[in-house]
Amino acid sequence: MQIKIDEFSEELHGKIEGFTRSGDLVLKINDKEHLLKIIEIGTDKFEFIFDNKFHEAKIAESTSTELKIALDNQILVLKKHSKLSEIIEKSTSSTGGANSMNTISSQIPGRVISIAISKGDEVKQGDSIVVLESMKMQVAIKSHRDGKIRDLKVKEGQSISRNDVVAILE
Amino acid sequence: MQIKIDEFSEELHGKIEGFTRSGDLVLKINDKEHLLKIIEIGTDKFEFIFDNKFHEAKIAESTSTELKIALDNQILVLKKHSKLSEIIEKSTSSTGGANSMNTISSQIPGRVISIAISKGDEVKQGDSIVVLESMKMQVAIKSHRDGKIRDLKVKEGQSISRNDVVAILE
Amino acid sequence: MTSKISSILIANRGEIALRIIRACRELGLKSVAIYSDEDTRSIHVKRADSAYHVGPAAPAQSYLNMNKIMEIAIAAGVDAIHPGYGFLSENETFAQLCEKNNIIFIGPKSLAMDLTGDKMKCKELMKKAEVPTVPGSDGVIEDVELAAEIAREAGYPVLLKSAFGGGGRGIRLARDENELRQEFEMASAESKAAFGKAALFVEKFLERIRHVEFQLVRDSHGNTRHLFERECSIQRRHQKLIEMSPSPIMTVDKRNEIGEIAKRAVDAVDYLNAGTAEFLCDPQGNFYFIEINSRLQVEHPVTELITGIDLVKLQISIANGEAIPFKQEDLKLNGSAIECRINAEDPFYEFAPSVGKVPNCNLPYGPGIRVDTYLYPGCTVSGFYDSLTAKLISWGSDFDESRRRMRNALDEFVIEGINTTIPLYKTIMNEDHFIKGELSTDYLDRYSIIEKMKTELKDKNSNFQNRILPAVATALLQSEYIKKNAHSRQGSQNNWRFGGMTN
Amino acid sequence: MTSKISSILIANRGEIALRIIRACRELGLKSVAIYSDEDTRSIHVKRADSAYHVGPAAPAQSYLNMNKIMEIAIAAGVDAIHPGYGFLSENETFAQLCEKNNIIFIGPKSLAMDLTGDKMKCKELMKKAEVPTVPGSDGVIEDVELAAEIAREAGYPVLLKSAFGGGGRGIRLARDENELRQEFEMASAESKAAFGKAALFVEKFLERIRHVEFQLVRDSHGNTRHLFERECSIQRRHQKLIEMSPSPIMTVDKRNEIGEIAKRAVDAVDYLNAGTAEFLCDPQGNFYFIEINSRLQVEHPVTELITGIDLVKLQISIANGEAIPFKQEDLKLNGSAIECRINAEDPFYEFAPSVGKVPNCNLPYGPGIRVDTYLYPGCTVSGFYDSLTAKLISWGSDFDESRRRMRNALDEFVIEGINTTIPLYKTIMNEDHFIKGELSTDYLDRYSIIEKMKTELKDKNSNFQNRILPAVATALLQSEYIKKNAHSRQGSQNNWRFGGMTN
């Protein structure tokens, strides 16, 4: 299997070679052999000792091309068959990027306590769109560019989640 | 429902009366009303606030006549319809008692490291029957009465559980 | 003296409610908790001797609902109320309400609270008591135009502070008049929401300052003691993140000098019970009094670890009319303690609040480690309240031992489901300026700590042996596991292990 | 001095392995764990920097397998081995093997261990060093007839002790010759199983005695310090259950006197590193030396809490050739500490071992509480090893505060799935003689503590408001829940709550 991990530049090749007599797995990664002892295995949780070091991996998300894991409680994203998935990712992110230029979204969850603009208003970069209250703090969500408000997606008093769109620019 | 609890002498009568407007349950136990707020409810775990005090109950065993619960992490046994179940219990325990007079069982789990007697041997009360090793301690299992060994139920090296029978007296 | 207090209502939630419940249990007092709709499953409800429903989730309707709380206190028949920190802890109206109902408020009298709560009145008293104060505006400002005028005189940057704030809330920085006008509106809205009033004042912003505070206790017989200092310079937007005692810049002489000043400060307002005198310290070593926090502080465990004194139990005994059982010279500063506030905020993402269920957590423990927290596996971090989920406190015979223990404990601390400030503290514990004690309230910005944290994470994630290889191994295991499970629905471990997986 | 030690193999398991891993992490040293087949899921495997499989579950093939452990140490390239307590910690052959392979054994030299391990040789040396010893037999006995003869001379009751035992294991009481003969066989079998040798000796059994021990450290430069006493009188079958410091009977003068004697004792055997001199103290206040435990003790945290010294880190620094960094007069006994050994044994049932999975557990925490444990939710308590699952240690500014904190922490400690000694300690913490410090090694029998525990449980279970009523409520809830679920398979909480359950 070809694997690419986050910002780690190299692409790695790994496969399962077989078992030792004591029942450990032999893995070959980039032409070097490693021993792996399985401690516990399940659909979304793996505990194993790899080269004499314990690791715990939880599967956060799994698709045919991507695997998001919490390895020893820290998130890592792995791409399988990475050449293909890189192509897919590039094409998605370019459209995604274009879309996101028009949407103003909240990076935090919270309750909308005031709305500073109305539909049709012209706004400048940095202008406050709405003010949220979250964990006793008040935080303004600002426009990332100049533009005209095409639509407002929230109401006063409404609770919103992280990444929810609050307004759309024309 | 009629309920009897462990050594508590009184028998209690309880029923669910209904709800308050705020959604708490009204229970009537021995003609007194009590308020109960359900926090969490499941097949084998109940969390509730009863008369303004939080309680957690886990159901350890449940039959039609008996309920064994861990209430706030401490075991309690409740008998429902207690008159019937007391009769049942008495008749069982009398036969059970007669049987148990003939069996020598281990009160602890462990590994049998030596057997002091053979089938057919005469033993006196207090004689060692087998020696167990458990948690680095060696413990002798002794006969509770004089008698003749009809059968041995364990072998050297065997691991046994609590309440396992090790030998039977004639 | 016979004890007047036999039961205490705790007008708070979270870790501090649990802290007070534990103190009550030690003393054999009955603890009465209150809870909002959001908190039915909270740990303080489970651990208190009894628990009463106080109202809906919103603080104004629950933990700030004075009349309802007083109703419960009377119904439950308690002798005293402990307010914790935040919520009603510095509300003189509530203290008054307690006094009126003959229920002991565990804290200062409403009169003293009125003085400490009004920063301007307090400043005046301090000047009289020869307690040095920060140069700045002389009165409360309700009007943005007046604020702008004063700021222009003092010179930018200035701080905009709520007269009823505390603990860093309601403090905002303005670098120019434009910012001042924007922030004034925000700050007054916040202040109104939290305290019902919008009184603000303006203060010159001192640069590269340290925040050093003294823990104080004063009893009803007029005995005052200071329990040494805490340095709380590591802050973000004027919210304390890390506190420690002793302060790396403190000497024995300076401690005695400022300690005596701090005692004068609380004497000047006829203070009762535990409180804190906060000072700013400039790079030249000058101390300026800024305010008295008339409550138990979040960071009180730091002082408990270096003095061996249980502040909550001492509060209760003072409220009971007892005299402080030790003299100033009995106190010894033993070792070094550090506290990290584990907030439910994402340090990689502008400290965005992070709320939700915590399906699993592992609290660190072992030599020199103390945790005060409301977390348990399966608990929920609510967006309705403060983001503080846990206080991790380490003790060592010296600063370095305390720091290393903190570093380990941060590694052991697992909180699933939410983001927390733990990664930030891991970076700080290994950071050179922190190790050398070179602290200031702009520490995070000055030394680009957030950037360092991000770089460290990247480096850690690129570690070939510890991260990259086990990650590949995980991918191989998972892919094989899926294959096997597709073939057979049994898929037990044994089946799988000996399934002839030779390629 | 440059550090020789950069990595340590921990030849142990359980809580002590984790304790040593934490010390390594603090010092920035690599920790190497070993594990048997039984321990693949144990916490020390998860937390160590690396972990090597050592063999099957049985100790003789794993944690006592010297050659295999040495093989791993060499393969892993460690500089030092920490033996913990039990297993190979007092095995002079293993210490020798380390010396031969140029791996630092963190403990005394094999020569000193040979002396301390052989109680008879040790006794002779102590007599020379004018250390008062217990009256008893003068040599090791391999033969039951000789033992019977000596016992007859000394007079019953006598104690039968393994010369290689320690920590109470391998010690048996015989009240008459019949018992002596029975116990002799058992004791020699046990001793053989655990230490490979069966050498026993006989000692007169002193009644109503206290067990008081002194913690000692000695470095390679000949500096010796005592770190005050621990009283460990509360025992069951010569196994310590509760340890504390200070001892309730200790005065400053007596502490200095016995402390100096204890120092002479370790000097006499040219001791190295941390060790303990154990004494018996009779009701007249006479102290008799009984033995030196040439290892870190289970109860070392008690001393850590009242001195502020990390004994494991100090052990490593001494093993590294460093001098002890403090003088005797620098040490101050600060406050009071108590340790309860949480054993997987059923105190209601003759302390029968209790093993198996622990599906869930809650470790206590908060002010003054320390836990050293290998427990975690989902772990397993194995029957192959020691029954000690956790050490709960409390600190307070005085004994009473420490005791109250311990009492609370015992209430908070939940270990599901197995029986433990927690209920016993709950009884003891409230027991009059314990509170007054009236302790002796027969404390449990003398004051019928087991009976008291059983009575307390019965009383607690009969509490109408807190037990009986909520139990009835549970029965009603459960019966209703079953009914509702029988009607509809959905049975969600909301459905159920508003399901019109009016009768």
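Letters A, B, C and D name the chains as they come in the text, with residue numbers starting at 1 for each one.
The definition used in the following text is that a residue touches a chain if its C-beta (ideal position, glycine included) is under 8 Å from a C-beta of that chain, and two chains touch if they have at least 3 such contacts.
As the structure is a prediction and not an experimental result, all values here were calculated from the model.
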{"item": "Reference chain C; chain at largest CA-centroid distance", "value": "B"}
{"item": "Rounded Å distance between chain B and chain C, as computed from the means of their C-alpha atoms", "value": "48"}
{"item": "Centre-to-centre distance between chain B and chain A (centres being mean Cα positions), rounded to whole Å", "value": "51"}
{"item": "Between chain B and chain D, centroid-to-centroid distance (C-alpha), Å", "value": "31"}
{"item": "For chain A, residues contacting two or more additional chains", "value": "40, 51, 53"}
{"item": "Listing of all chain pairs that touch each other, if any do", "value": "A-C, A-D, B-C, B-D, C-D"}
{"item": "Complex contacts: residues of chain D adjacent to chain C", "value": "18-19, 22-23, 25-27, 301, 304, 308-310, 334-335, 362-363, 365-373, 376-377, 397, 401, 404-405, 408, 411"}
{"item": "Residue ranges of chain A touching chain C (in the complex, touch as defined)", "value": "1, 3, 5-8, 12, 14-19, 23, 27, 29, 34, 36, 38, 40-41, 43, 46, 48, 50-51, 53, 55, 57, 59, 62, 67, 69, 71-74, 76, 78, 80, 107-111, 131, 133-138, 140, 159, 162"}
{"item": "Residue ranges of chain D touching chain B (in the complex, touch as defined)", "value": "59, 169, 186, 189-190, 193-194, 344-345, 349-350, 352-353, 355, 383, 385-387, 414, 416, 457-458, 460-462, 465-481, 485, 493, 496-497, 501-503"}
{"item": "Footprint of chain B on chain C - complex, ascending", "value": "40-41, 45-53, 76"}
{"item": "Residue numbers on chain B that touch chain C, as the complex places them", "value": "22, 37, 39-40, 47, 49, 51-54, 56"}
